[in-house]
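Worksheet for the structure shown next.
A, B, C, D, E and F label the chains in the order they appear, each numbered from 1.
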Amino acid sequence: MNTVVEGFKLMPIENYIVLSALLFVIGILGVLVKRNALVVFMSVELMLNSVNLLFAAFSVYHNDTSGQVIVIFTMVVAAAEVAVGLAILVLTYRTNHSIDINLLNKLKH
Amino acid sequence: MTLTNRSKVVSNKKFSFWEMIYLPAIFKGMAITISHLFRKKTTVCYPEVNRPFSEVYRGLHVLKLDDQGRERCTACGLCAVACPAEAITMVAAERKPGEEKLFREEKYAKVYEINMLRCIFCGYCEDACPKEAIFLTNRTVPSDYERDGFIYGKDKLVETLDKRVDVSKRQTASVLEFKKDKHHKHNQ
Amino acid sequence: MEKIIFYSLSTLAVFSALMVVLSKKPIHSLLYLLLCFFTIAGHYVLLNAQFLAVVHIIVYAGAIMVLFLFSLMLLNLNIKEELQKTVWMRIIAVISGGLLLVALVGVLKGLDTSAGPMLASTQIGLMKNIGNVLFNEYMLPFEVASILFLTAMVGAVMLGKDEEKVVKK
Amino acid sequence: MSNEEVLKQFLEKFDASDLHASESFDMLTITLNTGRIHDAIKFLRNDLGFGFLTDICGIHYPDAEKQLGVIYHLHNLQENIRIRLKTFVTIANPNVPTVTDLFAGANWMERETFDFYGIIFDGHPNLKRILNVDYLDYYPLRKEYPLEDPTREDKEDHFFGR
Amino acid sequence: MLYIIYKLVLITIILLVSLGIAMYATLLERKFAGFLQDRFGPDRAGKWGLLQPVADGVKLFFKEEYMPNTADKFLYILGPSLTMLVALLTSAVIPWGPSIFIAGTEFSLQVADLNVGILYVFAIMSMGVYGIMIGGWASNNKYSLMGAVRASSQMISYELAMGLSIASLIMVMGSVRLNDIVDAQQGWNWNVIYQPVGFLIFFICALAETNRHPFDLPECETELIGGYHTEYSSMKLGFYLFSEYINMFVSSAIISTLYFGGYHFPFIDKLGLSPNVAAIVGLMIFFAKIIGFIMLFMWIRWTLPRFRYDQLMRLGWKILLPLALLNLAITGIVILATQ
Amino acid sequence: MSTENYTIIHPEDTDKHYTTLNLGPTHPATHGIFQNILTMDGEMVIDAEQTIGYIHRAFEKIAEHRPYYQITPLTDRLNYCSSPINNIGYQLAVEKLLGIKTNKRIDYMRVIIMELSRIADHLVCNSVIGVDSGALTGFVYIFQEREFIYEIFEEICGARLTTNIGRIGGFDRDFSPAVIHKIRQFLVRYEKALHEFENLFIRNRIFMDRTIKVGPISAERALAYGFTGPNLRAAGVDYDVRVASPYCSYNDFDFIIPVGTHGDTYDRFCVRQTEMWQSMKIIKDALDNLPQGDHIVREPFAVLPKKEDVYSKMEALIWHFKIVMGEIDAPKGEIYHSVEGGNGELGFYLVSEGGRAPYRLHFRRPCFIYYQAYPEMIKGGLLSDAIITMSSMNVIAGELDA
């Protein structure tokens, strides 16, 4: 694969910026619009990924490996978050029989 | 609870170390299965090879003729009575003069039908027959596409003189001994 | 060539990301998100960050999304009507999201990107380089991350533990 | 323990007035009133060691006054002795106390008896048909029902034989 | 351009060979099972039943296409397709043999020489669960759902131990490129000698990942009828059944690549054959090893009872995972000590 | 293990979401047609309810309308894995009613046949445990021997599965030399096959894990539920009809009664396995000591006369007609006779009011009685346990539904 990819030029960094921004905003929209906690979670993952992409792009452009290492850390955090988050979700489902986030307002009252 | 002095506990649920680690038993099992790879196969390749049936097999019925080609059945109805599945139907008729070559007794079965779909091949008809007329044989009932095809009339049941079915292996030694006595009316 | 690949991947990414939000059924959102992750992996490959691409697939597609799918199945969501927020809420969300997009793009546009396009012959995305950096400069964060991971695992197990209902004495 | 001893001990507990004991093919048979059957079985189980319920089945005598009968076979495993208990009820009032509280295994046997004879076991936890379909409206093993339903027409089909 | 055409041809050949091997693996399975069980196996279609896979294929094609009307149509079709796709993808990075030289140009018998080869394999294997889960979920049947849940939890659990056993292999090899790994195993230097425990764990996990006996809980016919493919019929069912054999083929290829020297064999390497002959001999050796492993998979299947769900989890988490960790630690210590 | 030991949650009084799973009527593991409706919490079985009667054939009603000898074919179809035991058990009951005493040769022949069919029965059950736990090969190895047993039956009586073996008073024909030869051959080859089968399973940890502590039942509960046969013996009660109330000269033979400890699936497997070894020993003994004598008791009022007499003598012919027409006048009385069937105490409760047919014939079908304990045995187990428990109980739909 390195033989194939090495022939490619990199796209200008602006393209990655715009793409990441788009994905990030779509993620935010998902968080804001959806009430299904699972989909909200997925949107959060989407946001994390857009940031990851930007990190990777910048790291390549500046020829600095740290960016990619940080992506790996982000993945670790994302995985941990998902593990705990889904466990909480399952628990709320057990008590509420729903994963509508509008029902998760018991602390408010 | 112990009721007798013959009991013995036979299950051992303790694992030894080698049983704990799974592998020896697995290898042993695999050795057993692989040892079968070259054994003689027990498959009977059916349409080419037929499994030999035992001589006393209870299969397709036959209505016997006597040595002169006369039907032995006298339509006494015992087989129909004995049949637990009620598979046998018969209509009796009087023998007319001139039919002595066809029927042995004065009364004969004009219609003799066995419904092979009802028949359970229990062998009671053979037991019940006092005239040595009906026997089961070690042939099987062939398959058919129509239910009609399983109602076996005299056309399918009665043996022909050129293709007689040997049932002597089904009969006891004393009967065979008795049959040698050609003076007796039954054996004529 | 790279332009075609980049733009088709980007279009697919944005489309599938949009579908994540727009799909009615959660399982469809999930599958679109999966598709989105694959396009992002494609971008990583374009950036010659192969290790990242593969790890991305293993972690996101192979583990996280499976977990999502798993909980989706277990929760047995036979919800007839789609859970949606009110129309007002949605309009507000779209407007604020759009504003954020404008702001983000505007801010990032102003960055100095004079480094310019270069050949992707860079080797920094290879496993060896990442490993070197990860286990030298980022040793401490790495270990901290592993502790975080362990904590998350323990937490998830504790949360997910069901109190024993049918107990044989 | 022989049949005589069992009978003796049994009669000490239950008076012999409306009770009939006989022996048929080496098995003690006691016929007693429906009201006392539960106590009798309990006594046999707890005090005489008949801890094993072999069988419950019904029987129908259309000519008798009390047409329907329930027959219990109990077994004392230690002494290896069997006993048969019988009780009869009328067809209008076919109620017999259940023994499911004494023997868990009586559950299906009583359901089967109910299914075939319509004997109602009072106190049974789940008395419904077991072998026949739920919507059957008669009790097929009673003697008034012939072996085959004469109104059935499909049986005259040529292919069913006869 | 020639390069791209060559790669396309190679991809086509590998796909066809995978499919062909998988097809005949079904026959081999039935024949082998038959011979282990004192029977002949299928012997009616063609000589020794050689046309049986064709007959099966034709039969599956002409079976009624059935779809439960409560099923999610799109996902219902996606499930088997995804399984098939994922099963075929892995074969891209396997080095099938040494390079062939034609007119001085090197043609490598490998579609893509990734420098993250093992990780690629691992990534694709971790995708295998989707097809089963989606298919099982979309059929809207309790048995299917149970099969899908079993499949996913089983595959996720065994991926861990598998990853760890691969990690210790990578530590020994110092590379994740499959070519490097194969080339390091010339002569008797097979990895199985250095990593016997790792091989055992990897093999058990490969059984679990391909849903083969004794880990075939997702589809165990006596409990879940057909598991995740209970509701499937016709060619969609065929895809599921077929992908199991492709998976088996690919897993065998990977096991022989990683632990059994790939296309190398002792003594034959030393014969000093010309490169092209060596390539062909290597290819044959590789396929012999693959078929050997496929037979081993089948042999195990026809010998052992299957695990129960909780026992399977116990084996994965409480036995294989600690064992793999221990193996990793010991490997690390030995490497440090010998450096 | 009583119900008090469980915290039983009913679906209605908890907000927990339970699923129901229909195990049957046609499911690969039911090996027949009956239904278990399982209430499940994920993989765990919370409760079960059985529906049976799918193949109910009203044998008890039919039997009230049939002459005594025509009932034997009905008993074939109870436990069709060991129909000779049913046949002979029924014939023994009728002989007891009619007061026919059989000679030792008939007894020994019956013992041989019954033990052969016990082997056939246990063999199916045990190998099916293997199948349901996923190992088909052991099943195939040992099933060949079942075929061989059927060949022996075929040689004896002419039929393989629904044998209708024997007649009231003995057998329709004596053992031919081929039969003796085949039985001796069987004893040799079965020993090998059984050893092989045992090696495949009995100490294999996967199999032991699958079966130990699976579907357990304590001796008290088993007795309360009316368990008999291997299932009761697996729980630790050494009740065996062959020893408790010997029939057919069973007291001539010395054999041990294998018992288990906890009544779980492994115990049942081991008990059946040992019983097969014991059966082989009994067959060997019986065959070595097979006495001389007639193969049927010539009681003229109940047993068909010799064929040659029927052909030649008037009196014999009259008797022949009478018996075939079913006009034997059985004495009044009621009788309970039980034999040790493949699954346990197979009882025949026969009420005769005189006349040609039984007034009432009730079959005590062991399957029917112990299968009601199934929910209690599988509660709290997994689905796999439920299936393997069912196959180890050897539930046979024919016997279940009569």
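Keep this in mind: a residue touches a chain if its C-beta (ideal position, glycine included) is under 8 Å from a C-beta of that chain, and two chains touch if they have at least 3 such contacts.
It should be emphasised that the depicted structure is a prediction, and the values quoted were computed from it without experimental measurement.
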item: Required minimum of steps from chain B to chain E, each step between chains that touch; value: 1
item: Touching both chain B and chain D (chains); value: F
item: Most centrally placed chain, judged by C-alpha centres; value: F
item: Interface with the most contact pairs, given as the two chains involved; value: A-C
item: Maximum centroid distance from chain A, chain identifier (CA atoms); value: B
item: Centre-to-centre distance between chain F and chain D (centres being mean Cα positions), rounded to whole Å; value: 24
item: Intercentroid distance (Cα basis), chain E paired with chain D, Å; value: 63
item: Chain B and chain C, separation of their C-alpha mean positions in angstrom; value: 73
item: Between chain E and chain F, centroid-to-centroid distance (C-alpha), Å; value: 46
item: Chain F, residues touching no fewer than two other chains; value: 16-17, 137, 141, 144, 200, 204, 206, 223, 237, 239, 244
item: Residue numbers of chain D (touch at least two other chains); value: 77, 80
item: Junction residues of chain E, two or more chains touched; value: 36-39, 114-115, 302-304
item: Residues of chain C that touch chain A when the two form their complex; value: 1-3, 5-6, 10, 13-14, 17-18, 20-21, 26, 29-30, 33, 36-37, 40, 43-52, 55-56, 59-60, 63-64, 67-68, 71-72, 74-75, 77, 79, 82-85, 89-90, 92-94, 96-98, 100-101, 104-105, 108-109, 111, 113, 115-122, 124-125, 129-130, 132-134, 137-138, 141, 145-146, 148-149, 151-153, 155-156, 159-160
item: Chain B - residues contacting chain D, complex; value: 1, 3, 86-87, 89, 115, 117-118, 147-148, 151
item: List of chain D residues in touch with chain F within their complex; value: 24-25, 27, 29, 51-55, 57, 59-60, 71, 73, 77, 80, 82, 84, 103-109, 112, 116, 129-133, 140-141, 147
item: In the complex with chain E, residue positions of chain B that touch it; value: 26, 29-30, 32-34, 36-37, 39-43, 45
item: List of chain E residues in touch with chain B within their complex; value: 35-40, 43, 299-300, 302-304
